[in-house]
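Order as written gives the chain letters A, B, C, D, E and F; numbering starts at 1 within each chain.
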Amino acid sequence: MHSIGKVAILTVLGQPVPDDVFQVVTGQVGSMSVEKVVAAVETAAKREGLIAADHYRGEHALYHAVLEALHGVCRGQLELGSILRTAGLKFAVVAGPRDADRPEEGHWLAVALYGYIGAPRRGFEHEVIGLGINHL
Amino acid sequence: MHSIGKVAILTVLGQPVPDDVFQVVTGQVGSMSVEKVVAAVETAAKREGLIAADHYRGEHALYHAVLEALHGVCRGQLELGSILRTAGLKFAVVAGPRDADRPEEGHWLAVALYGYIGAPRRGFEHEVIGLGINHL
Amino acid sequence: MHSIGKVAILTVLGQPVPDDVFQVVTGQVGSMSVEKVVAAVETAAKREGLIAADHYRGEHALYHAVLEALHGVCRGQLELGSILRTAGLKFAVVAGPRDADRPEEGHWLAVALYGYIGAPRRGFEHEVIGLGINHL
Amino acid sequence: MHSIGKVAILTVLGQPVPDDVFQVVTGQVGSMSVEKVVAAVETAAKREGLIAADHYRGEHALYHAVLEALHGVCRGQLELGSILRTAGLKFAVVAGPRDADRPEEGHWLAVALYGYIGAPRRGFEHEVIGLGINHL
Amino acid sequence: MHSIGKVAILTVLGQPVPDDVFQVVTGQVGSMSVEKVVAAVETAAKREGLIAADHYRGEHALYHAVLEALHGVCRGQLELGSILRTAGLKFAVVAGPRDADRPEEGHWLAVALYGYIGAPRRGFEHEVIGLGINHL
Amino acid sequence: MHSIGKVAILTVLGQPVPDDVFQVVTGQVGSMSVEKVVAAVETAAKREGLIAADHYRGEHALYHAVLEALHGVCRGQLELGSILRTAGLKFAVVAGPRDADRPEEGHWLAVALYGYIGAPRRGFEHEVIGLGINHL
């Protein structure tokens, strides 16, 4: 029925996703610093147990998933304040099979980011989305 | 109620978006060639009249919106077959205000791409999404 | 006779461009921060009325034109001080038709940057140029 | 009086540059293939003796100068036809000191590219410029 | 004693690495096509059983490790023939722990590429190296 | 017998390279700032006389060699702390012919970087390598 990426995207958009196969964590972060976006996602995912806090393996998987999602948000340069723009983002991190119908393929991670990017001035902004998927 | 990016994303995911403010065109394209994705989106948008077929202005706006959406899909290099991967994508092109509640801000374009990217082998793939927004 | 890009380039090089079709703004900025270059160009263009100060549309157009010009200056990474280099740049922003002979194609923006990039040490530098063009 | 980059830019724009310090080669190339632009510049520079045809050193210097100039032309991805665009370019290759007044700093190369980039359709294009400078 | 990256690098350089912790596969590929380099590495790794041939998971891990190694080889654009250059590469793929002394951290993959890149002309080339590491 | 890249790589890995053709400088630097890596390499190379401290030419050659090596280390974005990662690196700078057997081809520079990159937390890291080569 559900695939991990679609669950992440619909969740970050605030659409209800009835499902008991995937683990889901959500949050939000507004910043001119890319590293703060990465940190916010990692902190939430560890706190909720989607990745183990004391092993590098899960963090490595999540880190690359976040960077891939940021490519969709930044569209060319993984930079925010350093090129005079700011982002207000919601995020969803999802752990589970790539597809709810194919649990035999092991654990994967999806990170979806959705929100607004623009000049550091209210209303001077437009929407962005990004999705990163990695094997766990 | 609705913003142009959300309309594009929900549409490309196959979610119903009741709305009469935005013009929407959808389609799909599977290819190892980035230029075929660009061409498929441009052809559909012109055929349905979202951009004028005989002026550069609209095509310039759409072209950059498609490239920005492809950044989310490709996450680093705007390449498919040349780095041994293929993509099967649905697309939605939306024209209208940035936000249905703020029509005074003029016409904008959103291009959403959603689908699967992976090795040229059935099932060896995962989801991707991309969104590009530009003023028209 | 004149095209918008050529007018921008010749102006930034200090060559006289007799013309009454285009609006032209010039200035200069020296910095190790990319965002300061963006800010200097945007401030000058707004102050002189090339783009409206109170609408996102013009700022969005100008922002992308500046980033495109910076690609020519930076040649690979939109970074200055963060990779230990500095830039001293003149800039010209031009608004008008893409070509003085084809005014029917609407309003466009050109941003030209020209100057020197190099190590933060006098004389350890060479010339750079960049041009970004966008529909307004 | 003259610096190597300015000589290259003015020459490629068709402006007369009275000068007997620099060696200058010009040409033009239209293509959807980036490698054809590189090849056209290299062939002209070797034919006119700006770099030695039988040593790698000069070719290495020129190759990187051309790629840097292409960053200004392509503004993000060194791709033309593969992302559905084409370029018609003039080029100028200049060899000499970085600055006519400082001949003691040895030999340098400048490559300037100027022309139009756009959709593969007449008139659907805008201007671009690029400049690459390297020590010889 | 040994870490997975060092084993991959020394192996690809032809240095003997006495070790019975890591699985190692080597090969070579010369091409102007990036996808042929990816394919050569993947084929060798599957043939020797470093990754399972019938699951996406291992291929996904290896694919990203190869792309990361290619960043070291290409230094900016994952392109070869399309920007008029060719590469002759040896490769080593290594599977095992990140460090021989810390086997508890699970299975990782390292891909090392070493060889020459340059113009398509004998001797007009210099050395390159790249290393990509991913969790398996 | 020896090529400049191999000498740089083996040296940075701590392997003995008996040789009297090449000039070699080594050092190490740990940082979240890319510019500090560049500065550490440049300072060491000047102090040991591999490049002249008072001419731009050698610094230009070295600067680009360091940036190329950093592409292997960073694999996509020349950023460290700004995307929440840190690097602990050894470096070797080598000056001499491209190949010990072909001294007639003039002076070249090789910069090799080797070490660990990862989260700012002990052990949450993996190996990286980078090599940049430029004519001097």
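Just so it is clear, a contact is a pair of C-beta atoms (placed from the backbone, for glycine too) under 8 Å apart; a residue touches a chain by one contact, two chains touch by 3 or more.
Labels paired with UniProt names: A, B, C, D, E, F = Hut operon positive regulatory protein.
Computed from a prediction, not measured in an experiment: that's the story for all the values here.
Engineer: Chain by chain, through touching neighbours only, how many steps does the shortest route from chain A to chain F take?
Structural biologist: The distance in steps between these two chains is 1.
Engineer: Same interface as B-C shows up in which of C-D, D-F or A-F, over half of contact pairs matched?
Structural biologist: D-F
Engineer: Taking each chain's centre as the mean of its CA atoms, which one is most distant from chain C?
Structural biologist: E
Engineer: At the chain D/chain F interface, shared numbers over all numbers used: above half (same) or below half (different)?
Structural biologist: same
Engineer: Report the chain whose mean Cα position is at the greatest distance from that of chain F.
Structural biologist: B
Engineer: Distance-wise, how many Å sit between the C-alpha centres of chain E and chain F, to the nearest whole number?
Structural biologist: 20
Engineer: Which integer distance in Å separates the CA centroid of chain C from that of chain F?
Structural biologist: Computed from C-alpha means, the inter-chain centre distance equals 34 Å.
Engineer: Distance-wise, how many Å sit between the C-alpha centres of chain B and chain F, to the nearest whole number?
Structural biologist: The computed centroid separation for chain B versus chain F comes out at 42 Å.
Engineer: What are the residue numbers in chain F that touch two or more other chains?
Structural biologist: Counting only residues that touch two or more other chains, chain F contributes 56, 60, 76-77, 79, 82, 98, 126.
Engineer: Which two-chain combinations qualify as touching?
Structural biologist: A-B, A-C, A-E, A-F, B-C, B-D, B-E, C-D, C-F, D-E, D-F, E-F
Engineer: Taking the touch rule as given, give the residues of chain E at its contact with chain D in the complex, in rising order.
Structural biologist: That would be residues 77, 79, 81-85, 118-119, 123-126 of chain E.
Engineer: State the interface residues of chain A toward chain E in the complex, per the touch definition above.
Structural biologist: 55-57, 60-61, 64, 98, 105-106, 134-135
Engineer: Along chain C, where are the residues that touch chain D in the complex?
Structural biologist: 3-6, 9-10, 13, 15, 68, 71-76, 98, 108, 110, 112, 114, 126-133
Engineer: Within their complex, state which residues of chain A touch chain F.
Structural biologist: 33-35, 38-39, 42, 56, 59-60, 63, 67, 77-79, 82
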